[in-house]
Amino acid sequence: MTREFHWKVRVYYEDTDCGGVVYHAGYLRFMERARTEWLRALGFHQDQMRGEHNLVFIVTAMDIQFTRPGRLDDELTVSVLLEEVRGASMVLEQQVVRDSDQTVLCSARVRAACVDPGDFRPRRLPKAIVSEMNA
Amino acid sequence: MTREFHWKVRVYYEDTDCGGVVYHAGYLRFMERARTEWLRALGFHQDQMRGEHNLVFIVTAMDIQFTRPGRLDDELTVSVLLEEVRGASMVLEQQVVRDSDQTVLCSARVRAACVDPGDFRPRRLPKAIVSEMNA
Amino acid sequence: MTREFHWKVRVYYEDTDCGGVVYHAGYLRFMERARTEWLRALGFHQDQMRGEHNLVFIVTAMDIQFTRPGRLDDELTVSVLLEEVRGASMVLEQQVVRDSDQTVLCSARVRAACVDPGDFRPRRLPKAIVSEMNA
Amino acid sequence: MTREFHWKVRVYYEDTDCGGVVYHAGYLRFMERARTEWLRALGFHQDQMRGEHNLVFIVTAMDIQFTRPGRLDDELTVSVLLEEVRGASMVLEQQVVRDSDQTVLCSARVRAACVDPGDFRPRRLPKAIVSEMNA
């Protein structure tokens, strides 16, 4: 629960808006990529989790601060830090930092739940996953 | 096969990029909204088509010209004109026109296919749909 | 400060993901459309605000709950309720509700700031805008 | 003009739709990332080109075939092959191939133009860029 995971993201035209900066919803995509790669690094692929375990992770709440504007061509590092995992849900702390000057562009507290992909009801996280997350 | 369908779209920040104009892939989203509303106007909802007929439409090819840049707040009219429908596929002509000055921003020839949502194999278009399209 | 603004949004393929539901970041796009139309209804177009007043609104923080999944073809109503406006910033309450069953899919407390589009420094909201917002 | 450039892309939830596959407009984003990285590999950053040379590249036409559906977690390789560069425009051949089975998911002939970012008028490609492209 103490290891922070990092994932690199580059800002392309698709991520920006006519204000000249990264469109605010784009940071949610970046943070989701980092969570996906964090799970993959722990050995859990989203498609396998769906196929073998019949479960998916969904975001249930986010408390986000957009602190500084990101720009085209910026190289960003997105962090994932597991703060709590209990039952069907977990809380993660995430940050998006610009590599060139270490400016924090965006930070968020993300609550995610493990659900059945059919009815979206909460499903207790498999022990194998929890123990990998806590390792 | 001769009636042209029209659908209004507004350009928001989400549709633009830091070049100050509509991001090129955004026009594909606008054209897909118009096709969906054209089908809905003919009486075919995409979710019902999936549920009752077990079929979905997918785009198989597009020949697109991006002729002029669209901008934030522009009101656009997206047209759909069925050119041909045969077997499992159809060809549509679509244009994206800015209302204020009737400038054509984007035009495309779109080939779509009717497929089984499970295996993506071609499925002959139901006669009810073809006859509505040709009415 | 008491009038709630509403804006209709339709869910298209572009808004969904392979979980079969609306992609979570999509709700931020829907909420931004509603804020833009709320400003437009008050008489303030984002492109004019930029051109004449040299100011843009940016989102600085969001506290969001994703409560129920939205689906393809859903008709949604997005609300905007101004809670507070002071200096260069304002706080809005927003909800995304499915029309068919009045289910709340998403709700958020959104903090936005008025900034100079050049350097992104806070700019006091023009009195004309504040008085329209409070009318 | 003979060297093919390759760029790796991963499919995330953001790229898919409720049909269970990559949303068709998503391939345009993937192809634009590869073109940006191709230019970067040649020594031309889009933000520098805008700042120093006062020019941007825009896509003016695409002829695309969506041949097979991509899926969540797929690893893709996007290619860029310059076919022609003349005056203010260039023609590129691009493919999106799934790494696991070498299936071509999407292929396109892309016409791009070099324009002034202010008025979007064509600007002859700087010789330094053309010679790097042809090297």
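Chains here go by letter, A, B, C and D, matching the order in which they are written, and residues are numbered from 1 within each.
Simple rule for what comes next: a contact is a pair of C-beta atoms (placed from the backbone, for glycine too) under 8 Å apart; a residue touches a chain by one contact, two chains touch by 3 or more.
Please read these numbers as outputs of a predicted model, since none were measured by experiment.
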Report task. Work out the mean Cα position per chain and let me know which chain is farthest from subunit C. Result -> D
Report task. Tell me which of C-D and A-C has more C-beta pairs in contact. Result -> A-C
Report summary line: Note: subunit C sits from subunit B at a C-alpha centroid distance in Å of 27
Query raised in the report: Quick one: subunit C and subunit D, Cα centre-to-centre, how many Å?
Result: 33
**Report entry** Gap in Å, rounded to a whole number, between the CA centres of subunit C and subunit A
**Finding:** 23
Report summary line: Two or more other chains are touched by the subunit B residues 13-14, 19-21, 25, 29, 32, 71-72
Query raised in the report: Across the complex, what residues on subunit A touch subunit D?
Result: 10, 12-14, 29, 32-33, 36, 45-47, 71-73
Query raised in the report: For subunit C, which residues are in contact with subunit A within the complex?
Result: 19-21, 24-26, 28-29, 32, 56, 58-69, 117, 120
Report summary line: Per the touch rule above, subunit A residues touching subunit B in the complex are 13-14, 16-21, 23, 25, 71-72
